[in-house]
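One chain, chain A, appears in both complexes that follow, with chain B as partner in the first and chain C in the second.
== the complex of A and B ==
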């Protein structure tokens, strides 16, 4: 008989859960297949596009729309049923009898799934970057004037921003998986938010501008409301320094807000405390 | 549900006191003024599980009506009742994975003890072996856990490396029991642990339960296997329409019903005409 008091080591619990999530991801064929598709797409865009032949900055501009579309897709595929599956299997109930806290559980799921996501996203982009020296002509013809502005550092900044973007969308997907009570609800929420992120917020900004509801100065801030808009602003403002529509800090707060807000929603909705 | 109108509900007052050699410490009742009455051994130890005044409704459907129950260390309490009588709901409250609309549940003297819980339909993360699964849960307790020993106790040594999705229904339930045993909890809440098991495994399961109780673990389980329940349980609590209609050692229930065995007594105590789906 154990007389030990309930455990309070959230960090150990979080690591245990994260490890299981990571092992689950690598054992899920559909997720592995989607990750491979993501990697191949990035490589294919790099190989087929003209950007890689021009240098790192042009490659970033080639990749931005694909990353904007595919990263949320991959993040949602990885996370949108994570908590829901545990709830439906009754594992959430059992974990609670082991005194696992909601922050430790949600944090563990987020850490484990995000590690897989970040590995795929960052790894694929690094492969793309590695192709630039191979694909670039020995003697650039038209980029001579631009060479000073082009640097692998710009691409690394882009890759880091893509990771932040991935974390934000993963957190949103995790919030969906915690808040949804059925697989149908989770799927509907995931598709709805994906559409909103990809086109909805941009369209809303245009509509608001067209109707005169907001002025032109407010549009960049509306765009920063969505993870996609914030990511795009950061890429153009920080990574390639072409001049973003929103200040980097605003966009960064936008992405950070999505991560924190979504994880808070996931913690609150994962389960209702008994006491 | 009308109060006290059915013959079954009249049996609520046929509460029996624990026998002197039983570890039972309390009785159950649907009436708030008749909350748990200490049995002969109650001064020896605090109840491992104590529930007081539990009431709950799903929408307009009342599933529990002011029920109170306590389980002493080393005691085996069997919760029986027809399908839809509220057993699983009550057990979730006792395991503290759901909160009732009204009432309190205390596990251990100061509510600090972990309760091992076997849900009615135990589920596991697919892709992992039975041993991996228990190793995962072993990380949440401070003690060193001998997972192979747990697998051996529940009869799954031969399936230690089998993936959980390849286990039969009965084996899945045994793995659920093994998971509940991780960390040697002082109290166990088992929702139909014998469901889907062959007769030999049912006997083995109740043997495990008896051994655990002999070591001081408080156990409350629901079951439709009334033969083993009659032989193993210290007390049988009969739940019908969200109320306790009997609470006594199995022999007393059988005798008070004038029946030959618990199965027959059960038929006289409860109505099994309808299922409310709780």
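== the complex of A and C ==
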């Protein structure tokens, strides 16, 4: 920390805070260990499935359920106490004396933490993709490849969508950390939302369908309501294109909505502005 | 961490953003490449026969081809036959396995002025090459006089008027792609019925042919060697047609015995011994309705093959094969001797036993052929070339291949015993053969079908202690009710659209090997039990050995069958690292129940055509298909042990 605070603008504040967050992340062995476990798990699933021995599209299909479950876990682990810890340690008060704005603070925390998150998620998936040419049998050079069947482009799309999904869940975790006043509250909120994302919303959609409350036409919108559903819709609708007619725009708006909405909640709940 | 400075953060953020922005370009790059016709040579080829293709090269006729781009299969499939392409696309299994046909291209004869010549083959004006047309826009002439050696062909045109004028000239009917597809479709049920009918027809033909040959052995004896004629050669020379020459017991040194008339050379049994001079073949039958029976032959020359050494361009592939396999030394040679028969003859030969060249409806029965000690020294027990014959209830020991066929379409090889040679039955360029009820022991390969023929039937054979029980190339082979036990590899599932049913594959090092690049074979209702490795699959994608909810029996698996429908409730992957150990190690069961395994199992059924090689049975049976055969085999194993 510099000792003579000159007047800074929001952008410098944001970068400074992001830097501090990055430092915190790389200095926390538990988080580093978790990232390593995440990466190894992705690699292990890749090696355990039959998709990586054939192509990128089947690998995406192998990885979808795991990415869907593990990315929110990683994001929540990284972020669910970010703001809360600052508050409890009194750092928020210190920061406020530097006249840091709430958007700059929340943006900085989000940037710092999500840089780490995105690197781990995107990096692990790239490693998984790199295993495909290694594990697949050599392709005879005398045969023409059917270029319509499989493409690394599908996997890159999947990886980008996974990053978007990670950002959405990280934003939600950040909102939790800002809104929660105690660690117990944060934990409860985090677990509650995780369960809702991983199981609850989908189960509700099925239940609503079963009871006839909604028709199948409404399902894309229900799916878009949870980051998981939106992510899944995008993967099957845009990345591997096996899902048929899902509306990617709804799902994209859903994911984007979670990022924007959650960050807004974080900004509002970080601290009460001084009158 | 001094490294993490604000400027470093900016850099990291900048680079990460850049990477993600670049990666996002993937959304505007088309994920699927364009679909356009590729050179036929670059496709994975299927359909047609090697005879069709080689003859088309030699005689310059056309084989209309198709290429199919499936949405979930890595390579482009090339069909040497438009009808098979249509049939493959129409089957629900191929949709599940390889996805939808994104595009089908067929040869376009609209602009190359095709004609059907007197030989029935299709040729183009000035040998012009047909181009490609999308099948959905093509008109197909079916039922015209155009054909290839293996059967009639459909001729596609990009222009309906062209198609119609072709049909006006050469017969047939013009249909669109949709109709053509619907007509080409055939269910497993109809295919099985057709195979069974073919098996019956082959047996019927063989029975009739054998019965018809009975009369050859009822001929009155006109000449007795030693009484009416001094030598065997002189006796067959002087005997009138439609009579028999009797050779009493004893040793007879002969040079070459030539049956140039329809006579029967008959001995008293094994005590009648014809001994050649060790050069060339001993007995030649060159007339229709010639016969040899009840004697033994030795002193055969030792030349197995008269393969041409020089690569003389003027000799075509067929002649080359005939010279290589049909002109060596043998105990008996049937040469253009239709309706002839050899029965109850023992032959001790360093080369071939009997060579049958272009002798239709000949019968070889109750023979005992002793070949050379090693496969490399010896040659074939029986060689069938060019016409159909029956080989039955004979014993072959040592030598190279017990029965070798070259273009002997329609032959029947049944109820023989083959031991200690290289291959039991070796089919080359031969379609539509019935290989039934043979017992093969200690050979390198039990039954091998090469050079892409069609419609062979391999039924009720029993192969043990071989390197390979069975290997087929080609397509539409019916492999049923066989036993492959105690071999290194039980049976090979290769080629295209073969049907494997009710086989018992037990106690092999590897039970079944899946080795086609484009797996379209049906493997159901087999008992595959107690092999060190049940399945090995290194070529081609993930394949499903289940049809219409019916799978194979893989042994007593520790899985549930809650609905008691006779199939375990979840799919079984015998080639998988975990499932392959199911029932052998408790740990495999525990591991197989991990949520991760559940997720991977579910994912596995998607885009199977792009996955790593392997075998899945979606409905593994809880009980054996042929329990009695299994019980007998297990009892034998225990007795052996």
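In the analysis below, the second predicted complex is superposed on the first by the 256 of 275 C-alpha atoms of A that agree within 3 Å, B and C clash if a C-alpha of one lies under 4 Å from a C-alpha of the other, contacts with A are read in each partner's own complex, and residues count from 1 in each chain.
Note that contacts are C-beta pairs under 8 Å (C-beta built on N, C-alpha and C of every residue); 3 or more make two chains touch, one makes a residue touch a chain.
Here the structure is a predicted model, which is why all the values come from computation and not from measurement.
Colleague: Based on the superposed arrangement, let me know which partner A:90 touches: chain B (first), chain C (second), both, or neither?
Modeller: The first partner, chain B, only.
Colleague: Tell me which partner A:27 touches in the superposition: chain B (first), chain C (second), both or neither.
Modeller: both
Colleague: Determine, for the superposed model, which of the two partners chain B and chain C contacts more residues of chain A.
Modeller: Greater contact footprint in residues on chain A: C.
Colleague: Just chain B (first), just chain C (second), both, or neither: which does A:272 touch?
Modeller: first
Colleague: Examine A:16 and indicate which partner it touches, taking first as chain B and second as chain C; both and neither are also allowed.
Modeller: Once the two structures are laid over each other on A, A:16 reaches both partners.
Colleague: Please indicate which partner A:210 is in contact with in the superposed arrangement: first for chain B, second for chain C, both, or neither.
Modeller: neither
Colleague: Applying the touch criterion given at the start, work out whether A:100 contacts chain B, chain C, both or neither, answering first, second, both or neither.
Modeller: first
Colleague: Name the contact category of A:111: first (chain B only), second (chain C only), both, or neither.
Modeller: A:111 contacts chain C only, not chain B.
Colleague: So which positions on chain A get touched by both chain B and chain C?
Modeller: Chain A residues touching both partners: 12, 16, 23, 27.
Colleague: What does chain C use to touch chain A in their complex?
Modeller: For chain C paired with chain A, touching residues are 1, 4-6, 8-10, 12-13, 16, 19-20, 23-24, 26-27, 29-35, 38-39, 41-44, 69-76, 99, 102, 538-539, 541-542, 576, 596, 599-600, 602-604, 606-607, 609-614.
Colleague: Taking the complex as given, what residues does chain A use to touch chain B?
Modeller: Going by the criterion above, the answer is residues 1-2, 4-7, 12-13, 16, 20, 23-24, 27-28, 85-86, 88-91, 93-100, 272-275.
Colleague: What residues on chain B touch chain A, complex-wise?
Modeller: It comes out as residues 92, 95-99, 112, 114-117, 119, 121-125, 127-128, 136-137, 139-143, 179-180, 182-186, 215-217.
Colleague: Touching chain C in the complex: which residues of chain A?
Modeller: So the residues of chain A in touch with chain C come to 12, 15-16, 18-19, 22-23, 26-27, 45, 48-55, 57-58, 61-62, 64-66, 111-112, 115, 118-119, 122, 135-137, 139, 142-151, 153-154, 156-157, 159-160, 163, 238-239, 241-242.
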